[in-house]
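Every chain is named by a letter (A, B, C and D) in the order it is written, and numbering of its residues begins at 1.
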């Protein structure tokens, strides 16, 4: 098991009560592991069926490997402009 | 026969040497009569096969009746913007 | 709201933006045409714009009203400048605002396309070599003898 | 030329226009998003914009580069503001210049559509009654308890 930091924004940050949470995931970990771990935390019920994850400031698609040292972020539905 | 004033602009005004010319046309007159009369004037060769005519600041299509008191203008290819 | 004008002094694009934007609009588009340095491979130093002013104004207003019918709720301000313009000066500015972006964008595009097609404005380009030519979008440029 | 920024102070649309316009450009388009007074039937007093700043900037730059690839020769300046904005304040401005109008218009539209779809920026609307809600374009608004 390893610990990863996940950045949260907007409604997700509100739900989890923080802009950063630490999750414990198996090693090697995937984005699916991160989401599963987040769901078990208080506020985790806010997450939609398939939350959007960014790694190193790029969107990911499907399940991707993640590891410590990467910038991992959960992206709520965007509403810019 | 009657006399009508025709407004000219841009390359047409240059060709006819004036922004206004007077043409003599049969009565009742049509836009085709105006164009025919213009062609016979010095500079008239500049006109294309189907010059565009405006009457009272609106484009005309095909042959339309014209008479004194109307604002008759010949519109070179426009190039605004 | 529709306002169209033929002007002889520099166009202020920020003023047009401010004019159409209200608390009820969420998207404003601006189209600006400027004098550029090359046309059909020739170096241009300036453009003399002329217009059949009365009809140009009416035609601009007709176009703006058509845009208003097609895109309900748009607010439109259009200015076309005439006279001698040097490089980078603004010849035309079209500002359109709407609650939503799609009508604002579509109406702006409609207006510039129709303006180019219909509004009786002409331009005579002045080239580095001193020559001038009327711009005829329907043909190649017609050289004009220099006065 | 591409410049993107996330800013915390008022956006100056005229400065963006001037930045992208050169003697070689003939058409400049500007898209401006402003805070409007009603959304989904509720009276809005302001919007608090927040961003994942680092990624938002990178994503804006990726979008601008995509526009540049699709519409060769466009010059692009994009600014998105974050923080609390009141009615009529500019949240986003996109200026695009090109020798010709079609690429300037098409690239401007491409950028705003992609920005809305992809750039990690969020807005929390503040209503007349003091309530707030995160705007979720994929769903109905989620009310937020007022602090």
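Descriptive notes on the structure:
By our rule, contacts are C-beta pairs under 8 Å (C-beta built on N, C-alpha and C of every residue); 3 or more make two chains touch, one makes a residue touch a chain.
The shown structure was predicted, so the numbers you read here are calculated from the model rather than taken from an experiment.
In the absence of subunit C, grouping the other chains by touching gives A, D | B.
Chain centres were defined as the mean of their Cα atoms; on that basis the chain farthest from subunit C turns out to be A. Subunit B and subunit C, compared by their mean Cα positions, are separated by 25 Å.
For this pair, subunit A with subunit B, the centres built from the Cα atoms lie 72 Å apart.
For the pair subunit B and subunit D, the distance between C-alpha centroids works out to 49 Å.
Each of residues 81 in subunit A touches at least two other chains.
Touching of two or more other chains is recorded for residues 33, 101, 112 of subunit D. Which chains touch which is summed up as A-D, B-C, C-D.
If you check the complex, the residues on subunit D that touch subunit A are 33, 49-52, 54-56, 58-59, 80, 91-92, 112, 115-124, 134-139, 142, 144. By the touch criterion given at the top, residues 7, 9-11, 14, 54, 57-59, 71, 73, 75-81 of subunit A touch subunit D in their complex.
Of all the residues in subunit C, the ones that touch subunit D in their complex are 13-14, 17, 21-38, 87-88, 99, 101, 105, 108-109, 112.
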